[in-house]
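Order as written gives the chain letters A, B, C and D; numbering starts at 1 within each chain.
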Amino acid sequence: MYSFRNDYSEGAHEKVLKALTDTNYIQTVGYGLDPVCEEARELIRNLCNAPQADVHFLVGGTQTNLVVIDSLLRPYEAVIAAHTGHVNVHETGAIEATGHKVCAAFAPDGKLTPALVEQVVNAHSSEHMVHPKLVYISDTTELGTLYTKSELTALRRCCDENGLYLFLDGARLGSALASPENDLTFADLAELTDVFYIGGTKNGALFGEALVMTVPNEHFRWHMKQRGAILAKGRLLGLQFKALLEDGLYLDLARHANELAYRLRDGIAALGYPFPVASSTNQQFPVVPDTVMEKLIGMGYEFEVERKEDEDHTCIRFVTSWATPVSAVEKFLEDLANC
Amino acid sequence: MYSFRNDYSEGAHEKVLKALTDTNYIQTVGYGLDPVCEEARELIRNLCNAPQADVHFLVGGTQTNLVVIDSLLRPYEAVIAAHTGHVNVHETGAIEATGHKVCAAFAPDGKLTPALVEQVVNAHSSEHMVHPKLVYISDTTELGTLYTKSELTALRRCCDENGLYLFLDGARLGSALASPENDLTFADLAELTDVFYIGGTKNGALFGEALVMTVPNEHFRWHMKQRGAILAKGRLLGLQFKALLEDGLYLDLARHANELAYRLRDGIAALGYPFPVASSTNQQFPVVPDTVMEKLIGMGYEFEVERKEDEDHTCIRFVTSWATPVSAVEKFLEDLANC
Amino acid sequence: MYSFRNDYSEGAHEKVLKALTDTNYIQTVGYGLDPVCEEARELIRNLCNAPQADVHFLVGGTQTNLVVIDSLLRPYEAVIAAHTGHVNVHETGAIEATGHKVCAAFAPDGKLTPALVEQVVNAHSSEHMVHPKLVYISDTTELGTLYTKSELTALRRCCDENGLYLFLDGARLGSALASPENDLTFADLAELTDVFYIGGTKNGALFGEALVMTVPNEHFRWHMKQRGAILAKGRLLGLQFKALLEDGLYLDLARHANELAYRLRDGIAALGYPFPVASSTNQQFPVVPDTVMEKLIGMGYEFEVERKEDEDHTCIRFVTSWATPVSAVEKFLEDLANC
Amino acid sequence: MYSFRNDYSEGAHEKVLKALTDTNYIQTVGYGLDPVCEEARELIRNLCNAPQADVHFLVGGTQTNLVVIDSLLRPYEAVIAAHTGHVNVHETGAIEATGHKVCAAFAPDGKLTPALVEQVVNAHSSEHMVHPKLVYISDTTELGTLYTKSELTALRRCCDENGLYLFLDGARLGSALASPENDLTFADLAELTDVFYIGGTKNGALFGEALVMTVPNEHFRWHMKQRGAILAKGRLLGLQFKALLEDGLYLDLARHANELAYRLRDGIAALGYPFPVASSTNQQFPVVPDTVMEKLIGMGYEFEVERKEDEDHTCIRFVTSWATPVSAVEKFLEDLANC
C-alpha cells in the first residue's frame, strides 16, 4: 500500500539522477566552489531577478534554518514564529541550541500576520527581555496554507517598520508557488524577504536547499562551516538544482504533487470528511473517525497523525509528492470509500 | 515620595552590614571556600534538615537560574515554566543562551500544576522535539501567589512519574514562607525539590542567593566558574546568609514586608480598587484608573506597570520590603484616598 | 591536468550510484529508520564484531565531530587533540561553538600519545580550569600517518586510567586500514575506542560517515536532529554504506588510492625531493622548490599548500583517491621530471 | 601567619564600607541606573578623558571577560590571547562556553606583541578556520609584568592594520598604573584600547569591575542581563567606584600594595632567591628550594604554587594588597631568613 507520510519517501527525479551520473568522473574543487554550483547560482539569481543576491546550497532544512538564524542574530536577539513553525516545534531546539529564543505567536492557520508580529514586538520592551529581530515564516506553512503577495508585502512593511529581518523557509516552496491560489514569484520572494530558500529535498532532489540572501552576510560560509553545513562534494547540490531549475522542472513536479493532493482532497471530502484548515497545496489534513483511521492503517496505508480532534476523531495528514502515481490516489479513494 | 517599585531599592539590613564591617580585615581564602561560608552552609543544612545537601552561594537570581539549569540539562533537554516565569520573560533569553528551550505553559495565577506540566510533556514525543526535563517554579511566583505543601507535593509526584527535575526559584522565598497562607518549611523544600534557593537580594542582603541542591551535581562549581558565578570574595555571601539565618532574622524581615503589603492591599481595596489575582505576599497588583495612576506618578510615587487592563485602567504592582516604613504606607493610602 | 587536491573531487563509485538508481522509486520512511539503513547497521556491527554497538549515519565529518563531542561532554568538559587535529584547526571553531574548549597538544607527526594526553590532563587540576574528558584522534591523521594497534591500545589504557573517552575520526579510515603498515581491524577499533567512524565521503561515497558507538548514548538521535544532522532521506546513507561494505569494496577502493600514493611518493622521492613526515597512506607531503611548485601550477596541476618550509621551498600535499587513474600519476611524474 | 595568596583575602577599604553604610537607606532604582552609578560613570569618563565612552559596572573578572567578548564577536570569530592569559587557562572555558575559540600564543613573559598577534592572524586564512577578531591582554599580566605606552601603541597599530579589537583586562590595573615602570594613564587606555576595565575586586572594593568601552556596543546591557551580570542593587558598584576614584584613593591603594611587593621582592632577592620573570607590580614569583617552601607552609604562610621549576625547586607566587601591613612583610622576611 502507498505511503502518504511525506514528500521525501522516494529518491530523486530521474533527471537529477542522470545529472549526477553523467558528471560523476569530472573532477571539481569541493565545498560548492565548483563551476556547476556557480552555474546554478547564476540560474537562481536570474529566476529571482536578483543579480546581487548571494546563493548558498545546504543539505537540509533544519540545518539551513539554524545557520541562517545564527548568522543574522546577535546573542540577545530572538525569532518570531508561528506556534506551529518548524523552528518552534520540530527541530529539537536547534535554534535555542545556537543561543536564541523563539517567541511563538498563536496562529491557527500557521500564518504570521503583522498584528501577530507586533504583538510579540510590543511585549518585549527592555533589556530584561530578548529583542525580537527576525520573523520566520514558512511557505507553504506546516498546515499546508500559503502566503499571498499582499500578505507577504504587509509582513515586509511590518518588518521594515520594526527593524526586523524576514526569513522564509521554503522547504515546500515548490508546492506553494505551483498552487492556483499563489500569486508570488521567485522574484517577489527575493524582493520581499531578506532571505528565503528553495527546497529541493521535498520536491525532486535527493537532498538540498538553495538559499537566496539579499541581506548582506559576508561571512556566511564561515557560519556554514562552523555548523558542519558545507558539503565536501558541494557540486552534488549545484548539479541537482541546475537540473531542477533550468527548464522549469521544479514547478512541474510541484504542480503534479498539488494536483494529486487536490484529487485526494476532493475525493475525501466527497465522502463527507471535513478539513478544518483549507489547503491548496500538497499537504491535506482531513478529520476521520478513529475507526476509519485504524482500517486504513490495517490496509497498510501510511500517514502522519496531526492531532486528536475529539474522543473518536483524529486529524491526519496526507502528503503527495512529485513521485506519487495517480493510481495510488485512486486506489486509496476506493479503499476509503469501503471503510 | 516612596518607591514601591521593588524590594531591592535599599542596601542591607544593619545586622548584615555590621557582619561585613566586623570581619573586614580578617583574611580568608577566596571563592566561597572560607570558614564563614562553611558555617553558613552548615546552618542552612540544619534549617533544611538536609545534612547531605550541597549549598552554594551565588550573587543574583538570573545567574543562579542559568547555572542551575545548564548544569542539570543535556543539550536536547528543555525547561517547563509558567508563561509568567522569570526564566521565560525577564532574563533576556539567559536560558536559551545556554542552549535550552523554555517550554511555557499558560498559567493565569503564575503557578504550574501537574496538569500543565503533563500537557507539555505529552506534546513532546519524538527525537524531532526537545525533551522536557526540568520543571521551573517560583515561590512566591511573579504574580505574588504561593505554593501550598499539597500543591508542591503533587508537583513532586508528577516530576517523579515523568522523570523531571523540580527547581524552585526562591528569589522571594522569604515572603512566601512568612505568609499566613504558607504551610511549607525549609525542610519541606529540601525534601520536595531537587534544588531550590533562598533569596537574599530581595530580603535584607546586599546581594546573594543560597542554593540548596539535593540532586547530585558533583561538578557544580565548575559550572559556576564557567559562567562567572564564583565570587572572588565569596565570604561576603557566607557572612550575609549567616547574619540573616542564624537567629530567624530572615523570616522576621519577610514578615515585616508582608504585613506592610497587607496594610497596603487592604487600604487600596477599601478604596474600591480590585485585585484580579489575590496575593498574600509582598507583591500586590491592584487595577486603577489611568487617571489615578497618573496622579500617583505626579506625586512622585514609584511602582511598576504590570499591564494595560483595558482602555482606561492599568494593573500596577506595589512591592514592600524589609525596609519599608509603616509611615510610607500610611502616607500613600492617604494620598490615594485623595486621588 | 589532474587535481591531487583531495579525495573528494569526483562523485561516487559506480556501484554506489547504481544502488541509488536501482532503489530510487521504493518508498521508505525517512530519517535513517528505513530497512536499508538497518541492513547497513547490521553489516557494520558484524564487521566490527560489536553486536551491541549503535550505528548512526551522518553526512559529513565536521558535522559528525561536533555532534559526537557535544553529545558526550558536559559543559565544563574539554577535548584533547593534536595541534594538527581537524577539530582544532579546520572546522571554524565548530567544537567551541557547542561550548567546549579544545586543548591542543603539540604532536609533530599528528599523533597523540599517552604522554601528550597526560600532560594536558595534569595541567588541568581545579574548578578554575576546564576538565579534559575526551581524546580526539584521527586515523589516518591530518599528516597521513596512522596508529598501530599497540599505540591505540596504549591510548585506550591511558584513557581508562584518566576517565577519558576515546573518539577516532575515521574520515580517512579506509586509507589507514588498507595501508601495509596498519595492523588494526574494524573490530579492534570498536573494542579500543568509545566511538569512531568509517568515512565514506573520501572513499567512494557521494557523502556520508558511519558512526560506531560502543559508549552508551541513548539520546544520540536527539543530538543529531538538534544539529541538523539527520538526513530526511536517510536511506541514501544506508544504501551507500551497504554498497561499499557488503563485499569489501571499501577497502579495495582505499587500497587503490594508497597504491597510487606510493607510486607518486616513490616517483617524487626518486627525483630527490624529501618527505619530512613519512606516510604510508593516500596523503603525501613532499617539499619542493617554489620554482618547481610554480611550474606545476602553471601546467594546471592542483594540490594544497601545507606550509612554507623555508625562503625558497614549500611543503605541498598530494592526495590520491579511489578514482585516481594510473595514467594521471604517470603523467604527473613525467611532468615533474621535466620541471 | 599572613596569607600572600592573593589580593582579595580581606574585605574592602574603610572608605568603601563607609560609603555603603552612609547610603544604606536611600532608595534608588536598581540595575545600575541610579544617580550614584551615573556620578561614578561621569567620574570615570573624566579620568579617561573620554566623554563619549560607555561605562558599565560588573561584579567580577570572568563575568566581565565573557560578556565583553561575547558582545563583540560574531559566532565564527575568535580571541587571540597569551598562553598564560586568564581567559585561556583560568576561567573553566568561559569564553568557549559562549561559542568562541581562544587562540593562544606562547608568550614567555605573559605579554602579547604585534609579532605574536600577526602569527595567529596569518595562520587563519580561510572559511575553514575561525577568524581571529579580538586581542585580549591583561595589565598587569598574569605574571606581574606590564605594558608600556609604546608597547600598547604598537599593539593598537597592529590591531588597526588587522581589523582587530583590543581588549585590556584590568583586574590588576591599579598595580600596573601605580608601578614606577608604568607610563600609561587612564586616558591612554581609553584611547589605545577598544574596551578595558578598572579592577575593583583586587584593589580595595568588596567586588566590582568598571568597564570603559569606546567601541560602540549599543545593546551591551542586554548582553549583561543575558549572562546574569546586571546586579540588582547596582548602586553598590557605583558607590564603591566613586569612593575609590573620586580623590585618587584607587592609585594610592595600589601604590601601597606595590611598595610592599618591592620590599618583599628585595628582601627575598637579598637572601639569594632568583626571580625568573622581573615584576614591578604586586605579584612576585621567586624560585625557592622545596625544603624552604615546606618550612614556610609549616609556619602557616599561604601563597600559590606557580609551577615546579626542577626536581628540588618551585616557583611560588606572593601577592600583596592594599591591606597588607608592613609588619607582615617584615615578619615574613625574618622568618624566611631563618629557613
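Here, a residue touches a chain if its C-beta (ideal position, glycine included) is under 8 Å from a C-beta of that chain, and two chains touch if they have at least 3 such contacts.
All values reported here derive from a predicted model rather than from experimental measurement.
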Chain whose average C-alpha position is farthest from subunit B's own: C
Of A-B and A-C, pair with higher C-beta contact tally: A-C
Distance from the mean Cα position of subunit C to that of subunit B, given in whole angstrom: 51
Centroid distance [mean C-alpha coordinates] between subunit C and subunit A, Å: 33
Distance between chain centroids, defined by C-alpha means - subunit A, subunit B (Å): 42
In subunit A, residues with contacts to at least two other chains: 75-76, 91-93, 97-99, 127-128, 222, 225-226, 230
Contact footprint of subunit C on subunit A as seen in their complex: 2-3, 5-6, 8-12, 14, 17, 20-21, 23-30, 59-67, 91-94, 97, 201-202, 206-207, 222, 225-233, 236, 302, 323
Subunit B contact footprint on subunit C (complex, rising order): 70-71, 74-76, 98-99, 127-128, 131, 219, 221-226, 230
Partner subunit D, residues of subunit C touching it in the complex: 75-76, 78, 89-93, 96-102, 127-130
